[in-house]
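Submitted below is the structure of interest, expressed as structure tokens.
To keep things simple, chains are lettered A, B, C and D as they appear, and every chain counts its residues starting from 1.
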Amino acid sequence: MSIALVLEQLLNGVQLGVMLFTMASGLTLVFGVMGLINLSHGSLYMMGAFICAYVAGITGSFWVGLLAGALGAGVMGAIIELVVIRRLYDRDHLDQVLATFALILIFSEGTSWIFGASPLWLDMPDLLGGSVSLPGGVTYPLYRLMIILVGILIAIGLYLLISRTRIGMRIRAGENDREMIGALGVNISALYTFVFAVGAVLAGLAGSLLGVLQSVQVGMGEPMLILAFVVIVIGGIGSIKGALVGALLVGVVDTMGRIFLPSLFSLILDNADATSVGSALASMLIYLLMAVVLAVKPKGLFPANA
Amino acid sequence: MRKLSRESWINSVLVLLLALAPLCASLLDEPYYVSLASRVVIIAMAAVGLNLALGFGGLISFGHAAFFGLGGYVAGVAAYHAFDGSYFIGGIPGSDQMPVIWLVAVLVAGLAAAFIGVISLRTQGVYFIMITLAFAQMIYYFAISFPTYGGEDGLSIYVRNSLFSLDTSDPLIFFGICFFSLMLSIFFTRRLMGSRFGAALTMARLNEVRLATSGVEPFPIRLTAFVLSAMITSGAGALFADLNGFVSPSMLSWHHSGELMVIVILGGVGRLFGPVAGAVVFVLLETFIGGFTQHWQFFLGLILLSVVLFANGGLIGLLAGRSRHD
Amino acid sequence: MKRFVSAGVLALMAATSMTAVSALAETKVGMITTLSGGGSHLGIDVRDGFMLAIEQSKSDVEVIIRDDARKPELAKSLANEMLQKEKVDILTGIIWSNLAMAVIPEVVRDGTIYLSPNAGPSALAGKLCNENYFNVAWQNNNLHEAMGAYMKKEGLKAPFIIAPNYPAGVDALTGFKSYYGDVEGELFTKLGQTDYAAEIAQIKASKADSVFFFLPGGMGISFMKQYGGAEVGLPVFGPAFSFDEVILGAVGDAAIGVKNTSQWAHDMDNAANVAFVKSFKEKYGRTPTLYASQGFDTANLMLSALAKAAPSDAEAFRAALKAAEFESVRGAFKFGSNNHPIQNIYIREVVAGADGKPTNKLAGIAIENLQDAYASECKM
Amino acid sequence: MTEAVLRIEKLRKSFGALKATDDVTLDLKPGEIHALIGPNGAGKSTLIAQISGGLSPDSGHIYLGQENVTGLSIAARAKRGLGRCFQISSLAMPLSVRRNVMMASQAVTGTSFSFWKQTDRDLEQLEATEKVLARVGLLPRADVPVAELSHGERRQVEVACALALKPKVLLLDEPMAGMGAGGSERLTGFLEELKQEVPILLVEHDMDAVFRLADRISVLVYGQIIAQGSADMIRRDPVVREAYLGTEE
């Protein structure tokens, strides 16, 4: 196996990690600020992809679709925050799980009601088709490179939003003490709606970007949701930094495991067995990673309130 | 006994209806409703198991489908080996005797829960929710890709396993077995919660520090509750496999864990008969809205959402008022 | 307790009057299929194809349709409902092998006729075959076997093959290899995987000269989109499942040039098919997929048998089904000893259609009169 | 000299650069009340947490009787006779007074891994609970949920819980806080009487009560014990006056 291939796979892992980060950052933000477990985050991801595909289909422009997908998911997020989510902040996690589980059912069936059961078409813009040569003899799809870039921009953007802006200050205050920030005269419900909508925009953005690479179909959000949860739990719930590290870890471990475990097992087993045992283990690998991390650090790698 | 409270009345009516409905259905020669009732009863029992951890112990397990599925797989695998006379790893023969299967199912799930619990119970809150989910996912993916017992296709049980000399293939008799198991698990939960262990578990949920200050380690209490809860759920899983004549990885999927949680919450968290009410309503909704429209899940979602938003305390809570602690 | 019947069937219910005393009028058919959630377009097409045939026959057969949401336990419960409450004579509709394995063995053992419009797990073709079970689509391995045979015939030297790590995936690659032989590389992916960058890089780095993949539903869409974007440049082959008209709509131009195996194509030139495609488009406003064709064939097979015998006369009805005297949209149709079809498998090529959108075009025969590998294991 | 029931030796605990507990040594002898005082932020809570087992020290030892309990959990220490009342009431609010106190007597009267026998038929445990409740004067309120009690009554429940453990040592963290004058008075009398039975380590802000009750007083400032001795000695100690009492007056 050549070095270039290993490098390329590493890049693939990073890219998968960055995609997961876009998804996970919104989830972790919402949990960190409002203490809310939002299972319907995956549905917002799906909405983003559907709106993007639909709008891109009508206008013929991916970029318009991307904008619509992100904003559409944001609006959708704001609406569900206003109608449902805000009643859940004072409830325990159990009620939150149930309510957002119900939202998944509503969103999934609602979407297939509106858009039909068939997957939608969404193609990458011509501008970003094709591959580029990178140092080390790796040729890499331009679009995936752009996803990595967008992920980095989001990470920087979130960092700036939280550490440098007035809203970020309020968000940080809200994480520490909800009553205090209310006492400071900040309109807390508006802040929460804003944060939830930001999370939704991030999910919608992830959905639109990945809709190009994936099948835009009902149910596309749930696998991503589970992965995103694995990511934020590994990273430490509520921590953006943790989400970034967790996402990269999960992305790289998953990618490397998928590719190298079967070859590893072929050293000790015959080929067919090695392939099936190796891939079985590969599909369990990230959960194994999560269990190990939590067994050692029960609050994840970067506990938010330490 | 004290005067029956309103909740006890509701519970009694619920149990009576659940017991009588299949009898009537059987008299009217509608065996379908008998097996539907068996389904309700089995799912209720699985939820009773979850309720012990989630409702009484405050341990929000998002991975109980793992134990449900393990129970199912024990039944499936035992029957598979009994059917073709082959052996499980290490020359263990199969069995088609329910008592043997139940015992093994409960032991296997108990061991699994002990292992999962030792690691998971180090964490709390959302972390606990997610790590239990992670373990369940591991088992799920293993089941899908492990070919010996059918992988995703699952495993069929061609002849329903037997219990003494009863005719288990008779829907009404099978219902009786399930109903008896459900009542047993509820009775067990009730005794348990009234015992010293129950007092400690309640305290572990309400105030862990108080429990420790009282000289009782919270961890073993929680672990035991988690294991017992898994055992009940796996017993239900074994029955479910027998009801369906079939076991597959979908029993292990996270959707199933979610559904079990939904049933517990729907009925009322930490209410003895909450899971029963939840299971009745959930299965009936699934069955009858499914007959109306292909978008039945949409309406199921709406109903669930309104229950959380407007009926805090679940159905039993809605009917019986706030829970009474003594 | 109140009975609910699918809205689409109400009209037929109303038509079930006492006038016709043929087998058709008394027959009740239960259809359990996947209408919601991921992969529901398969169930919807099977249903629509089936109902189109029923409608065209102007018969009074009552069809009760229920959604299994792709959950085996629910399918099982629905099957109980169909048999015990609705007392249907014939059951059909299941899309997925795992659901089929949950439901069918018990149903057919208890004497109900089951007609499979899609799933064909190997066990039901071999050891667990049953005189009451008829597969009107294919045995699961058929299309893969045909592709193995075709690629060998075409002189491709080093295919790289991929499938998800679950029984149907393993069967697919086994089926392929049984007609092709040893391959260059073989990968199993996680069921439901959405990102294939690592696998594609692996293919690129190998010495393969072609790619064969079986990734049903959304997995195939994701794979094709990413494969197209990665400029691998190797020709792609697969079974029709990843290239039905719905999936082509979602994959777009990335699929053009791909060859796939199918027992049917919408441009097959026989009278039954031309009429079917035309009427399907008229009624539903879309091009039928192979699933729709299978639903249509299933219904017509059933109707042809019902014209000869009533399901209550099991012996005669089974014989009538086995004779398969109906106009199949795939041309000639006959059952093998295990009640699975012996049929030609064709090669289709994805081309840009008249409207510029990709579509399948019949491109020849991959293998003639293919019978599944399990028939010999079946002792009926 | 009588053997100390609780002995703390050279206890140290830092949080980063902050030395919360800096070489603390103190002991508690049978029959005495040893008060621990100090200004806010002196490290009293950290010290109490280390004694009860909630925090583990960086170095040093804690002995309960002869036994080194430094590495033991909260529950293990409680079981060995370390009774504790909290600064902020830490009871199970929805449960009745009886249930709360019963929990504490459960550990002394037997195992918690009894799954079958019902606690409301467990005479031994019920009696033990009644006795304690009677002693603190809460018997009439036994079946009221804690959530419905007044602040002072909750303190009493805390004390009852600690007593139900049949402790060898009692750790009382500001038992007088938030009590009315009458309640404070009653509790002072009660502790006076109690100390013959169980020695008490008392953390308290109410200086009147401290000087009246304590046989010995330790003054904690910035994690260090700056003075230790009888009430009179401490009252007169110039260092203490400057570091502590001076700021209060």
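The rule is simple: a contact is a pair of C-beta atoms (placed from the backbone, for glycine too) under 8 Å apart; a residue touches a chain by one contact, two chains touch by 3 or more.
Source: prediction; values computed, not measured.
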{"item": "Common touching chains of chain D and chain B", "value": "none"}
{"item": "Most distant chain from chain A by Cα centroid", "value": "D"}
{"item": "Computed distance of Cα centres, chain C from chain B, in Å", "value": "35"}
{"item": "Rounded Å distance between chain C and chain D, as computed from the means of their C-alpha atoms", "value": "74"}
{"item": "Cα-centroid distance, chain A relative to chain B, in whole angstrom", "value": "32"}
{"item": "Whole-Å gap separating chain A and chain D, where each centre is the average of the chain's CA atoms", "value": "49"}
{"item": "Residue list for chain A, restricted to those that touch at least two other chains", "value": "108-109, 112, 276, 279-280, 283"}
{"item": "Junction residues of chain C - those touching two or more other chains", "value": "35-37, 165, 170, 188, 190-191"}
{"item": "Contacts with two or more other chains, residues of chain D listed in rising order", "value": "none"}
{"item": "Inter-chain touch pairs (all)", "value": "A-B, A-C, B-C, B-D"}
{"item": "Touching residues on chain C, where the partner in the complex is chain A", "value": "35-38, 40-41, 44, 165, 170, 186-192, 194-195, 197-199, 201-202, 205, 217-222, 225-226, 229-231, 246-247, 249-254"}
{"item": "Contact set on chain A toward chain C in their complex", "value": "1-2, 5, 8-9, 12-13, 15-16, 19, 108-109, 112, 116-124, 129-131, 139, 141, 143-144, 210, 212-220, 223-224, 255, 258-259, 262, 271, 275-276, 279-280, 282-283"}
{"item": "Residues of chain A that touch chain B when the two form their complex", "value": "31, 37, 84, 87-88, 91, 93-95, 97-99, 101-110, 112-113, 226, 229-230, 233, 237, 276, 279-280, 283-284, 287-288, 290-291, 294-295, 298-300"}
{"item": "Residue ranges of chain D in contact with chain B within the complex", "value": "52-54, 73-76, 78-79, 84, 86, 90-96, 99-100, 102-104, 106-108, 110-120, 122, 125, 143, 145, 161, 164-165"}
{"item": "Interface residues, chain C side, partner chain B - complex", "value": "1, 3-7, 35-37, 66-67, 69, 71-74, 76-78, 80-81, 83-85, 97-98, 101-102, 105-106, 109, 121, 123, 165-168, 170, 188, 190-191"}
